[in-house]
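You will see two complexes here that share chain A, one where it goes with chain B and one where it goes with chain C.
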Partner chain A sequence: MSTFQIASPAPRRRGGRARRIRGALAFYGFISPWLIGTLLLTAFPVGYAVYMSFTDWNGMTSFMPWVGLSNYQQVFTSGDTLSALSKTLILCAIVVPITIAGSLFLAVLLNKRMRGRTILRTLIYLPAVVPPVASALIWKVIFDKNSGAANRILAIFHVDPLDWLNGQLAFVVMIVVLLWGVGAGIIINLAALQTVPAEQLEAAKMDGANAFRSFRHVTLPAISPILLFQTVLVTITTLQTFVPAILLSPIAGSNVYTNIPPANDVYMVDVYEQYFDYSRYGMGSAMLVVFFAVILLMTGLIFKFLGRSVFYAVDPSESGKG
Partner chain B sequence: MALHDVRTDPETTTRTPRPAPRPPAAPIRRRRERNRIAFAILVLVALLVTAPFVELLISALTPGSEIGADRWLPSMFRWANISDAIDYIPYWDLTRNSVFLATLSGVLTTFSSAITGYGFARMRGPGKKFLFGVLIMTMMVPPIVTLIPTYLLFSRYGLVGTYLPWVFWGAAGTPYTIFLYRQFFSSMPKELEEAAIIDGAGRIRIFVQIFLPLSRPLLVTAFVLAFNAVWGDFVAPDLFLNSSNTTLAVGVSSGYTNQAGYPLYNLLASGAMLYVIPVVLLFLFAQRSYVRGFANSGLKG
Partner chain C sequence: MEFSRALSRRSVIRGAGALAGSAAAMPLLSACGGTVGTGSSGTAKVQDIKPGTLTVMSPTGEIGSDLVKSFETAYPQLKVNLINVDQTRLNAMLAAGNPPDLVEQPGTDVTPYIASQGIALNLDAYFEQSSVFKESDIMPVNDVWKWDGSKQGSGSRYGIAKDWSQDAMWWYDTQLWSAAGNAARKPTEPITYDELLDAAKAMTKTSGGKTSMYGLWYVTPDIDRIAAMVATAGGRIISEDLSTVDFTSPEAIKALTWIVEAGKAGVGYSVTNPSPDWDGPEMFAGKQATACQGYWYTGFTESTAPAFESKLQFNAAPLLGSTRISPSFGAVGFWVPAKAKNPGGSFAWLEWFCGGAGAKQRISKGDGLPSLKSMVSLLPQRNDFERACVATQNNELDYIDVVQVASPYALNTAINTTLAKDFPAAITGSMSVAKLADTLTTDVNAVLAAGKKALGK
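Let's turn to the complex of A and B:
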């Protein structure tokens, strides 16, 4: 291979127009699976949802009655939607900070050299690989009013059994289910901690900074882009909470959707009900479009604040351009 | 070689002891003490998050008559619960469906993502930068947003109740996996394909014979991620499939009820355990691939 190294810079520039066109065709040929797939399976369905959102369609009639923006007006004024929205935001306000701070804290601890670290990391990470369906079912077994372990623990403190899966408490159980997977963030944070320049940490120590101060002034600024990125990711994931909300209902059979405790009636559950319980396809679509817009906005914001650097991280061809 | 960069891969960093920065006249004892506190906290957290698994195991082996009894351990472990759980729902059929669908999806996604990732990494064309921006955007779009409209569209064309949607999703690749491949292929030296071009090899041959074999570690990661995604998915099979061809995720979450619709907790726990064990084993054996998959999600500022 070394023979070609000398010759390599030359042929690149000589490419004529025909060659560039052939190159472009090859490029589009290679990315065509994704490009076609995205057009058909993402852009088209989203476009369809946008169209439905301007109609009053119930899925039965052959035509879709046009209603303009009235569905959107309802998204922001209807009591049901607003309460679902506020529940979802409360969920985010609780789950996101705990997940981010908790996983960072655990990552910092796991970054210390100690015996058994690999096993501890594996155990703490394990819940993150459990599929959402299974974690909902596991916690449902634990929080059952009559047979669950949660009430047995309460009994130790002489507290009467609580009906966890009905009423307001179902919301607490949903939070527990979501927090159980805190380990997913640990791995990202552990990797992030390796990027903190060791010289700077050492310099801070030389200057007499204690562990907290060097964390606050060296580590935190170094990993803050990754933390911000993670915050957005976790927020997006939490906003679309759906499976734990529906599967925690105490009645499990095929009718899960009709027995969701009102406390767990989060945004996506409401979307689902609009479509499949009330056949209000227009309303459901409007809610999806609003959700989609919020996510695009959030993604756009991290692009703006972090640039593309977080994404282009390890790419040599981009790193020179700063 | 970004993916193998020691600094970015937590797996390797922990194995190779880094020379710890040692301040002069260090209060070593104090540091050791602090590590002991850290160790204690970690053990506590590890116990806390693994306790549900233990409780699941206990519930799974509790005899039906002792459910709801005020005790931590049943008088005996009833192993027959497991075979009862298998018989109560069409467990083997559901498992076969899950394995088939997850494998199909995994193979398709892995190769299709590799092809697209290669295109983004090693080729030029007008609009490439823009399209890559679109890719990043779609990475952030949760699948649930497109799922219901896709379902309505597919039901119009009679694609609901078949595995065809998974073929389409698989063939389209996964934005995140494409991104991983793109990063991987970008990090390889130019000489790799220039030599082959001079030898007269075409683009496809270069990809198949040179780049694809080199990306083997990533192939495993991509397959494991895709397999798990389908194995763990509840919403899509619940919407798109029916009781005759649905997956284990749906079967386990809706099958273990009595006549009145209330869950049979011991069988539900057994079923959930049988459903989770393959995922946990896959994780333990392919831990490195998992870590690589997660750790590179947008690293380095």
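Let's turn to the complex of A and C:
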């Protein structure tokens, strides 16, 4: 028979308040370099940019006329801006699912025991370690109208050369460039697949589950938090696509921004033009604030709709604890 | 000491983390904040040269180390730091109140903007006391560097050309020209744009969808070039008060039609088929039969592709109408930011590079026309090629004129970005030239209006 005893309160140790103060000072002392850096290098510039979005500053002079919500009104009524935003969303709608599904599919294949698995893993991951500038330029050479490999392959089938880097096809090339970095996703998925408990897969097999059912009901739930993380990350980076659009421009040099094919005129390119071609720092800042809201909204929607399908492992010994 | 729930350690970390996350989602925002520079448009007092470093913003490779060394020998108290011309970087430096000491840009394009916004230093006092620049000796083309508060071409000086050319002039490869059955041209007699297009069609070689030789130069929808074409037909693009443009006049429609036709014909690189480079490298690689460049191309040819000297012909600027006007699109030179730290040193560079030993060194190589009349005699005439080029150039000088295109309300970069967005639809056939003219007028006027509003006008 167990007995209950009412524990007497622990005696208050002397110097508790002083210790708490010391603890607090140590805490803030340790985080202060990072905190100061964040306040000075992040909070202030972001706040300043938000302030700029309410002005018509040209970026060079001291005159910063306050225009209220005028820039925001233009963001929502400018045909160019809305067109750039829609192109960016379409890009996202194509690139994100292919990247997530493709990297998962390849990771599953590379997770199987087979000959040359290490070499295959290395080869598939290799593009992910090539600097983005180099990869974009490689694709630019491949898709060059006059001397590129893509048109040479088409010529074998008697297809006339295509002008890949101009017109609507430039958008296709940009998608290819973005998908080329799928290797990073493969590595993350491979790591996630290693964490799927072997005993659960074994149990499913003993229960008669085939490979697909085992993947669907055991593997997928187990790695779902990783997939959610990847979806959010790939969505944000795809929405912010900028460098590939610049590097795939048919020309180089200072006129590069005026020669980006209209098909690749994505939102961040439009923002850049507002800042540095039109010297409209206020408008550019307003576009970024709106874009920030779009990114937050997209992230929220992903959590809302995909979050329901995500399963988190819970330590059974912890369940029921208040 | 107790911490309130509103500012617990945990909440500090959460808040800062959210802030950092937000910044990650707003990549440019954190880069675009900065302090604001101030400018002054009043006449600056002459200051002495201060010893130190002179930061010169100039296109990479344009100013050789030999020139820098010569300058530093002449002014041992100054060290030159060259940085590449980059409008983004310049904006950032101006905004931070730490501009370069000198900026190399085209006077035709930037003077109204930099002068009216107080970004550039008024150099009148410096020119008045200069022993190098005598008013009577300065070439009239340098008037593009003047601004009187409402008009370019008169008023105070804000810069001076390092060298210049009449940039609507053009060159052709005589071998390709005659091989295509085109009759030889007299260099000093202008061709019409229509004749030129026909000649270009004859020289263009296309096979299996690939073009191995373009007959025409790289036709970009550039406001300078369009305005120059329109001027030869007796028209004008920008209004007298420099606040609006009109592309719908018959002269402008004629110019737009020619550019669109050239693009559609595929006889040259265009905005829908941009060149991987500019005219020079394409021509010397045997991919382009003509180039639209001024006198400075003489020196460039001699230093880059001497084999082409024997087959290149330098020609008078083409005509769209019947008015012979042959403008400079650039009069590229230097201006001094109002907040430059060492204006005395900056002006020493101007004197040396644009009117002194540095200028002599460059002009004698055929790299452009001098800013001073007294240096015209230095133009090289050592061989037939150089003599022919100088003869054509001397004849063309009679037709120099300032074609007004720049506005105090927007840089030409902004206008050209707008043109580049609107032209492709016309070249691909989804927009008529008349509609293009309307669209350009509306869109460019919107850019100018926004710039005007930003100035509080």
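Criterion: the second predicted complex is superposed on the first by the 275 of 322 C-alpha atoms of A that agree within 3 Å, B and C clash if a C-alpha of one lies under 4 Å from a C-alpha of the other, contacts with A are read in each partner's own complex, and residues count from 1 in each chain.
As a working rule, a residue touches a chain if its C-beta (ideal position, glycine included) is under 8 Å from a C-beta of that chain, and two chains touch if they have at least 3 such contacts.
Predicted, not measured: the structure shown is a model, and the values here were computed from it.
When the two structures are aligned on the shared chain, A:D163 is found in touch with chain C, with no touch to chain B.
In the superposed model, A:S62 makes contact with chain C only, not with chain B. Of the two partner chains placed around the shared chain by superposition, neither chain B nor chain C is touched by A:H217.
Judged by the touch definition given at the top, the superposed model places A:P262 against chain C, while chain B stays out of reach. In the superposition on chain A, A:I236 makes contact with both chain B and chain C. Once the two complexes are laid over each other on the shared chain, residue contacts for A:R17 go to chain C alone; chain B is not touched. Of the two partner chains placed by the overlay, only chain C lies in contact with A:Y278; chain B stays clear of it.
Comparing chain B with chain C, the partner in contact with more residues of chain A is B.
Within the superposed three-chain model, A:K112 lies in touch with chain B and out of touch with chain C [touch as defined at top]. Look at A:D80: by the touch rule set out above, it reaches chain C but stays clear of chain B. Common to the chain B and chain C contact sets on chain A are residues 20, 24, 27-28, 31, 34-35, 38, 41-42, 44-46, 48-49, 52, 59, 146, 155, 236, 240, 250-252, 254-255, 268, 271-272, 275, 281, 284-285, 288, 291-292, 295-296.
On the chain B side of its complex with chain A, the touching residues are 2-3, 5, 7-10, 13-14, 17-18, 20-21, 23, 34-35, 38-39, 41-43, 45-46, 49-50, 52-53, 55-56, 59, 67-68, 70, 72, 112-113, 115-116, 118-120, 123-126, 128, 131, 134-138, 140-142, 144-146, 148-150, 152-153, 168-169, 171-173, 175, 178-179, 183, 186-187, 190-192, 194-195, 198, 203, 207, 228, 231-235, 249, 252-254, 256-257, 261-263, 265, 268-269, 272, 275-276, 279-280, 283-284, 287, 290-291, 294-301. Listed in rising order, the residues of chain A touching chain C in the complex are 17, 20-21, 24, 27-28, 31, 34-35, 38, 41-50, 52, 56-65, 67, 80, 145-146, 155, 160-161, 163, 166-167, 236, 240, 249-252, 254-255, 257-259, 262, 265, 268, 271-273, 275-285, 288-289, 291-292, 295-296. Residues 1-3, 9, 12-13, 16, 19-20, 22-34, 36-39, 85-88, 91, 94-95, 117-119, 208-211, 220, 271-277, 410-411, 413-414, 416-417, 420-421, 424, 428, 447, 450-451, 453-456 of chain C are the ones that touch chain A when the two sit in their complex.
Considering their complex, residues 1, 4-5, 8, 11, 20, 23-31, 33-38, 40-42, 44-46, 48-49, 52, 59, 106, 109-110, 112-118, 120-124, 126-127, 129-134, 136-142, 144, 146-147, 149, 152, 155, 180, 182-184, 187-188, 190-192, 194-195, 198, 201-202, 205-206, 211, 222-226, 229, 232-233, 236-237, 240, 242-243, 247, 250-256, 268, 271-272, 275, 281, 284-285, 288, 291-292, 295-296, 298-299, 306, 308-311, 313-317 of chain A touch chain B.
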